[in-house]
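Have a look at the structure that comes next, please.
Which chain is which? They are A, B, C and D, in the order written, and residues in each are numbered from 1.
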Amino acid sequence: MEKETSRIEAFSDAVFAIAITLLVLELHVPPIEAASHQPGGLTAALTTLWPSYLAFGLSFFSIYIMWVNHHKLFKQIYKRSSPLMFANGLILFLATCISFPTALLAEYINTSYINTAVALYTALFVCINLSFNLLWWLASKDSSLLRPGLTSQHIRAIKRNYLYGIPIHVLACLLSFFYPVIALLVCACLWTYWAFTSGKLDMVKEESTS
Amino acid sequence: MEKETSRIEAFSDAVFAIAITLLVLELHVPPIEAASHQPGGLTAALTTLWPSYLAFGLSFFSIYIMWVNHHKLFKQIYKRSSPLMFANGLILFLATCISFPTALLAEYINTSYINTAVALYTALFVCINLSFNLLWWLASKDSSLLRPGLTSQHIRAIKRNYLYGIPIHVLACLLSFFYPVIALLVCACLWTYWAFTSGKLDMVKEESTS
Amino acid sequence: MEKETSRIEAFSDAVFAIAITLLVLELHVPPIEAASHQPGGLTAALTTLWPSYLAFGLSFFSIYIMWVNHHKLFKQIYKRSSPLMFANGLILFLATCISFPTALLAEYINTSYINTAVALYTALFVCINLSFNLLWWLASKDSSLLRPGLTSQHIRAIKRNYLYGIPIHVLACLLSFFYPVIALLVCACLWTYWAFTSGKLDMVKEESTS
Amino acid sequence: MEKETSRIEAFSDAVFAIAITLLVLELHVPPIEAASHQPGGLTAALTTLWPSYLAFGLSFFSIYIMWVNHHKLFKQIYKRSSPLMFANGLILFLATCISFPTALLAEYINTSYINTAVALYTALFVCINLSFNLLWWLASKDSSLLRPGLTSQHIRAIKRNYLYGIPIHVLACLLSFFYPVIALLVCACLWTYWAFTSGKLDMVKEESTS
């Protein structure tokens, strides 16, 4: 059976690639005046930008993980449907949005508004998780859309892998009102865990060829 | 017959993907001063940005619909011609332009210039509709450009689907001088209708394999 | 013989697509203060932006023509060589640069510096022409890089098509010191002529299949 | 054996293409006031921008070389692994970062902070080199990921080609504290050397077909 989703993948790849690259536009070079009026000069001026670097690094990493997961799901999806197209549109919309709470985080992490900034940041990832679950639920509901030979065991394994992301991100979002730094750490840990366990991708791959 | 339009599709996908992602650059993080001088703090400062969110969401949605439609049309086009290349160029030009009236809408929706802003916004969609009609008219005029096996019934069905977009967008454009909010609602409803009826895409797909 | 240049084409397509879309970032929405202090309001404020629209339209059109030509040349190139990779890199570099003289043109077309702005703009197109000639010269020098079956007559026809672009752009560049508006018109006419005669693309296509 | 890395290549191409094109956003058109208050007018105002042109040209060239090298490595990689995906993610992250030290270089090359700016710029290229070495080390460690028929001699040849980049970039980074201009020249020379010797690419190609 021919794979019909390649143009969707190409478009999604391009959107993820642009969203991940535009993040760098939020890193602003300190103006010469700022550098020359500080005791430490340019080095000190660059050091005070650490919230921007942190937010940039964190968001780059999260979009990369999103892309790896998108890649993983679409390897199993062979046909299109209108609901699928729009669940994918929702994922792309949220991926595009990431740069806004990222810039917000960079601006407010050092202020008393850190809670609001982290809450918004983590809330976006709750939405992203929900939209990935929606995509896979829509795809798995109709097995004619999936790769032929995909077992129902696999379908469930993928579903489980996405489901536990929701409570953890919700927890991070709630934590952000009390311990915003810990909320960010929870997200970073979850993403790192996903990065290391995406070897499941290869497991699925091998089984499909046997 | 080999499909010769794949590099045109790849280039168009990239332009749509960039146009859709650049929209987020119009969301500006409120500066710390703005947040700390408002009674509600950062939350209040973010709330006053609603025109930007609305314009961003509406334009993201409209470009996504444009891409889905472009995808749908080019599935039926197998050969290139010079007029086709330039009708496609016109579509891409207009898609690229969208970010300008979107930013205008965000800036002026709360002012007495809302009519001008909405009129320009809806006028752009009149032009986009005309250019999609032009593309399909140029393609359907010469059946040697189309997918072999495409029936004339299908060709007409696609033509009809695009034609009724013109009067509705013209109506929205005229309405914008009197009831600009209703004009935007008319556009949003039309796009939602198109999103839900793009199942015709699947209908065309199935028939082609039988 | 397998075509080995597809990843180069994909990368080039992406660069052209981004360069063409970034142009719109030079269209700046007039701030509310500007609109409310002018007698004609927003409409008048938008009208005074005509140099930006003109420069944007002209440059969009020129990059689209460049992409069509790049597409046309690479249809005939099947193998890579290091010199070819770097001639292509030069073309992409110059395509990326276009947004700078475009913004310059928009800023200075209404001032006494119009000559300098137009001279720089047209000089860039002299360089672009030279780099396209260089690419085709490098490709045609070594027939093992070209599509098998391409006749030497065709190779010469393509070469001629690019060669006459140089004197015309040089003429436009010289004219810009005396009659800058006419210099821009000369460029626009040449590009329109190229747009209409790119039907040669189809001629080459047909012969290759016979 | 089927090549499984094509979607990774497509995503990487898009990131490189965007990173290379966004560099131009750092070229700012001189405002009319700046031009009219200088004795030389616009020409003089444009001439004082030379640090921006230099930084733009150098970084464009370096990203292009990175892309050529990425292309070269992935021609030999046929299968994915999780570590490989993340080594590639690191390369893309660093490629995206380039625009920041580039803008820094353009801003500070004329000031007493030139050492810091050049040190940061060259330090980034040390990291890029390390990440390319990591990618190839991870790929070559597990020959089942590589193109079938790739000899161990080739694998070592590629490894050597990347290894000597590290000491040279480290040298440039150290030099930048004393002779920043020479440090930049060392980088430029190395990249030019790589550009001219990427003919090894063709050597590898030919052997693989024989």
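To be clear about the criterion, a residue touches a chain if its C-beta (ideal position, glycine included) is under 8 Å from a C-beta of that chain, and two chains touch if they have at least 3 such contacts.
The shown structure was predicted, so the numbers you read here are calculated from the model rather than taken from an experiment.
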How much rotation, in degrees rounded to the nearest 5, is required to superimpose subunit C onto subunit D on the basis of Cα coordinates? 90
Interface overlap for subunit B and subunit C, more than half of numbers shared or less than half: same or different? different
Could you find the chain whose CA centre sits the greatest distance from that of subunit C? A
Could you put a whole-Å number on the gap between the CA centroids of subunit A and subunit B? 26
Gap in Å, rounded to a whole number, between the CA centres of subunit D and subunit B: 36
Hunt down the residues of subunit B that sit against at least two other chains at once, touch-wise. 10, 14, 18, 22, 25
Contacting residues of subunit B [partner subunit C, same complex]: 4, 7, 10-11, 14-15, 18-19, 22, 25, 80-82, 85-86, 89, 92-93, 96-97, 99-100, 103-104, 107-108, 111, 113, 116-117, 120
So, in the complex, the side of subunit D touching subunit C is made of residues 9-10, 13-14, 16-18, 20-25, 27, 29, 31-32, 35-36, 41-43, 46, 57, 60-61, 64, 67-68, 71, 195-196, 198-199, 201-202, 205
